[in-house]
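Going by the order they are written in, the chains are A, B, C and D; count residues from 1 in each one.
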Amino acid sequence: MSESSSSRGVHLGANQYGKAENRVVRVVRDTARHEVRDLTVSTSLRGDFAAAHTTGDQADVLPTDTQKNTAFAFAKEKGIGAIEDYALTLADHFLEATPAATGARIEVLEHTWARLEVDGAGHDHAFARAGSDVRTTVVNVEGRGEERVAQVLSGISDLVVMKTTGSAFRGFLKDRYTTLPETDDRILATSLVVRWRHDPAAVAAAGVAWDASYAEVRRVMLEAFATTHSEALQQTLYAMGEAAIAARDEVVEVRFSAPNKHHFLVDLAPFGLENPGEVFIAADRPYGLIEASVLRDGAPDPGAAWHAVPGFC
Amino acid sequence: MSESSSSRGVHLGANQYGKAENRVVRVVRDTARHEVRDLTVSTSLRGDFAAAHTTGDQADVLPTDTQKNTAFAFAKEKGIGAIEDYALTLADHFLEATPAATGARIEVLEHTWARLEVDGAGHDHAFARAGSDVRTTVVNVEGRGEERVAQVLSGISDLVVMKTTGSAFRGFLKDRYTTLPETDDRILATSLVVRWRHDPAAVAAAGVAWDASYAEVRRVMLEAFATTHSEALQQTLYAMGEAAIAARDEVVEVRFSAPNKHHFLVDLAPFGLENPGEVFIAADRPYGLIEASVLRDGAPDPGAAWHAVPGFC
Amino acid sequence: MSESSSSRGVHLGANQYGKAENRVVRVVRDTARHEVRDLTVSTSLRGDFAAAHTTGDQADVLPTDTQKNTAFAFAKEKGIGAIEDYALTLADHFLEATPAATGARIEVLEHTWARLEVDGAGHDHAFARAGSDVRTTVVNVEGRGEERVAQVLSGISDLVVMKTTGSAFRGFLKDRYTTLPETDDRILATSLVVRWRHDPAAVAAAGVAWDASYAEVRRVMLEAFATTHSEALQQTLYAMGEAAIAARDEVVEVRFSAPNKHHFLVDLAPFGLENPGEVFIAADRPYGLIEASVLRDGAPDPGAAWHAVPGFC
Amino acid sequence: MSESSSSRGVHLGANQYGKAENRVVRVVRDTARHEVRDLTVSTSLRGDFAAAHTTGDQADVLPTDTQKNTAFAFAKEKGIGAIEDYALTLADHFLEATPAATGARIEVLEHTWARLEVDGAGHDHAFARAGSDVRTTVVNVEGRGEERVAQVLSGISDLVVMKTTGSAFRGFLKDRYTTLPETDDRILATSLVVRWRHDPAAVAAAGVAWDASYAEVRRVMLEAFATTHSEALQQTLYAMGEAAIAARDEVVEVRFSAPNKHHFLVDLAPFGLENPGEVFIAADRPYGLIEASVLRDGAPDPGAAWHAVPGFC
């Protein structure tokens, strides 16, 4: 967070600029069996850019248009493997290209595609969008050379999950505005945004097997969601975070932003009908919102890892 | 389309009213292995409701709130099998309950859920949202008893598909505003809304095996998308419609609303890079929009089938 | 609605194609006091395009890319006055440029801007978005020369209005699923989509003073909304349509699509508080949906006026 | 940020919970001339809630349902004046009701309504939504009694502004991926999210005249936007922040999140047309994204003011 010297009683505080939501689609067509990487890429730089703000002098500013060009050029020049690697490559490049920058933040969403089935086999070059959830990464690199620190978050957004039983909510604090009855059987549903932080030492050393790590974290978290008898959404999230940290040595922190998507039991008594947990109305607003983090004991300091990541306390 | 008698030089024209987007969630929990039907239900009535408009007299109007109650009550009272059957049951009921109504229109979206995998098996009561596309139906029933005609559309919305090759666009009409180069290799991508109409005779007779029919129509259309070398999105859609009609006797018409989601080849020449169909930018707006219908020869008249269905010419 | 000759037991039905949502921004800067026209333009053609569908032959097809180019070029070449005139000019041009077309449909949304106030006066070239509602038009032209018929709809979308009293709902039909209590004082709120149709004879003859007509229709409809004691949303809409038709000779039909945005009185009794129409929760879904049309007695046949206009029965 | 004691090698980190997006509508109807306050209210608590996460024990947890009830009850019991005061009242109440809480965060959006004009005067109880921008506040209270610190942000979201000239972008850093030409005349458009922080001492002492302060900050920022010749969006934002701080003693910091909504000059040369800054295409994605803050010299520490505020670096 750079602060310029004062003028006229005010000064510049934290600032960041970049190009958001570049829709980069890379087709790998070295053989007849094509592969697709479909990304939304946002890049940004922070550092000593006070002149651009106070006098309009852009001499130190690598334009957002150039950042965009680079995101597309690198899709060819460097290729796109795991989104974490692609983001790290972009971050390092921008720090090199922009001397005034002290940090680079790259956010990538990956939209996954599945091969269409034809005669029982996946087609070579025809695809359908797979699932509604999105794989994500946020990479923050600060410093160059010996002083370089790379913080990498991986994550999943829009992961919509539901349990139709095995969820309670009772024993809570009450005051004069409390009307909610206790329950030991309700629907628990949420649309998760989850991100997990990697040990920078692991990133810097041998690197992380991003795709394998992602798959395993996803799997164990969903298993924990399914198998934890839930006394509250908070408890379920904690179990999921604990499972991720237990599964992968490089994961040191997990953060959740979880709307409690209420499913209210419909009162069918006026129509002479019972409703033992069978008919619900899915409500839009308001919704509970649970934000929580789980840390490995002794986790390293996050540094810039959570820089400008919305949706978490 | 009823028209009231004139007063003050104006009169009522076509009209319809109902409750839109009831979020009905039905859990079937007769055994420990739960099933979920997750629906968005919109109901509406049309008929001789002129008094409600011209004088505010509601004596003939079954309130939209009652329509909502019924959608939820029937989820228990009648259960929810195929969405087409649930919609037909609601339509017939509303015509019976509302003497002034001449037609009932029920639209249902089904949001699908897949069991979470735990230890290699699907969990009994934990689910994740499956896919981003939505199964749909629009049912229009007009008349009662002997005169009853039930028109049933089934469909899929938000079906996002892409071909990374096997798509051309050339030989088109040109004028002084034409700048588009011809191409014999481009990305073809769309987010389909497709609906197909069933022969009312088939619906009235033995009924349709809705789930099996839906699965087969979906499968053959996706196969046609994959395997048709595309000279234009129009031609691809026609092939898909033709396949659906060929596959299922009860299907007599297919309509498509298909945005051409442009993927533009990025010019990497300024950076000394070639781009032989590898790096694209996915554009948002504008987009091509293709609307088309394919009919079985001798298809019966659609009657009210397409009543108030948006997104089709 | 053209139908191709049959092949393989199926044939082409209704079809239409074009470029949707061109974001055309035109700055008029002949003097230092700039004007802005900010439009979303969708163009489409229909006619004898069967070859494009059945064989992929594009010889008759003016590409959607050319349609896009023309929308932008005409913003300079012809200028942009009232959106209705701009749309008519585009429609006639496309019919001329595309011999196979039998009809052209142009839809335009206008996003309005207001000058920023500086020292009590409107600034020359700085603007803020004005309001959340949008002025619209849908133009359909069929035929050329003597046989040309131009149907013009004008309209407003996203017109959010509310009455905090002066609205009742009572005396309605009841059945065993009815639980709604009658009320003679509720909030009435809606987000209107309204479109009105002009007499083609008026359009063809002297033309219509589109801006003045739009302003007056808007004004009298809002006055009718405010001053009509509402027995139901239906009745309010009818009064609004009647006012528009009474005010302007060229208006022959008005159609509404009106979600009843429910505001539910909150039960504050558990907290020892009364709530005489003071505290409401604004609900999202479900919502009532009222669609209705009002016609001038003796209104000419709509022809293609409502071709592919969603949101109306 | 509370951290629980460790168990099984992990521990709880930062956490927060509450009810999001309560749609509170308050009608003041003491006279025939009604007033409307239309709010979206999100409340949340943070503190020592580890047991809820690690064991599911809810004894310290005031349910989000109770938070919702309170937001509605207070609309009657306390009334709703300026949203900042309403939020402060809720925050203090929740800290009192929930001993385990160390902080309360209340976010309120205000949707404004304007009276409909009838016969040249504003109607008593009929309204239209006024403008597309939204007034906001985020209040964070930590501590009770002597130790209470209240941090108040006020703000505006979705403030869409545009300059059609008086904006340049030139003299920027270039590298091998730079293709953007310099320009001294372009459209500058953005959809601002801006928030400003108040001196807690001013809040604690006499209080702030919130409505007057909001109106003046809004006015001087828009004037600065209009009258600053822009060398970059960064410079324009800085001028706006500086103007706000100069205008109001209680304002100590201003933060902006500003998408650069690109308007690209359309190349009309292929059609034999010039385009001297007249015809533009408004692009959706990607967009530049500028985040910046301006501080009064000697501004007090923000403490919890920016806790969980998304969209700012």
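One rule holds for everything that comes next: a contact is a pair of C-beta atoms (placed from the backbone, for glycine too) under 8 Å apart; a residue touches a chain by one contact, two chains touch by 3 or more.
Because the structure is a prediction, the values reported are computed rather than measured.
Between chain A and chain D, the least number of touch steps comes to 1.
Looking at chain A and chain C, the chains in contact with each of them are B, D.
Across the two interfaces under comparison, B-D and B-C, the one joined by more C-beta contacts turns out to be B-C. Each chain gets one centre point, the mean of its Cα atoms, and the points for chain C and chain D are 32 Å apart.
Inter-chain spacing, taken between the CA centroids of chain B and chain D, is 39 Å. One inter-chain figure worth recording: chain B and chain C are separated by 23 Å, centre to centre, where each centre is the mean of the chain's CA atoms. Multi-chain contact residues of chain C (touching two or more other chains): 22-23, 69, 73, 177, 179, 270-271, 284-285. Note for the complex: chain C touches chain D at residues 22-29, 34, 36, 38, 69, 72-73, 75-77, 113, 116-119, 123, 125-133, 159-166, 187, 219, 222-223, 225-227, 263, 266, 268, 270-271, 273-284. Residues 3, 6, 8-23, 42, 44, 46, 49, 52-66, 68-70, 73, 97-98, 169-175, 177-180, 230-232, 234-235, 237-238, 241-242, 245-246, 253, 255, 259-260, 285-297, 307-308, 310-313 of chain B are the ones that touch chain C when the two sit in their complex.
On the side of chain D, the complex with chain B involves touching residues 176-177, 179, 270-271, 284-285.
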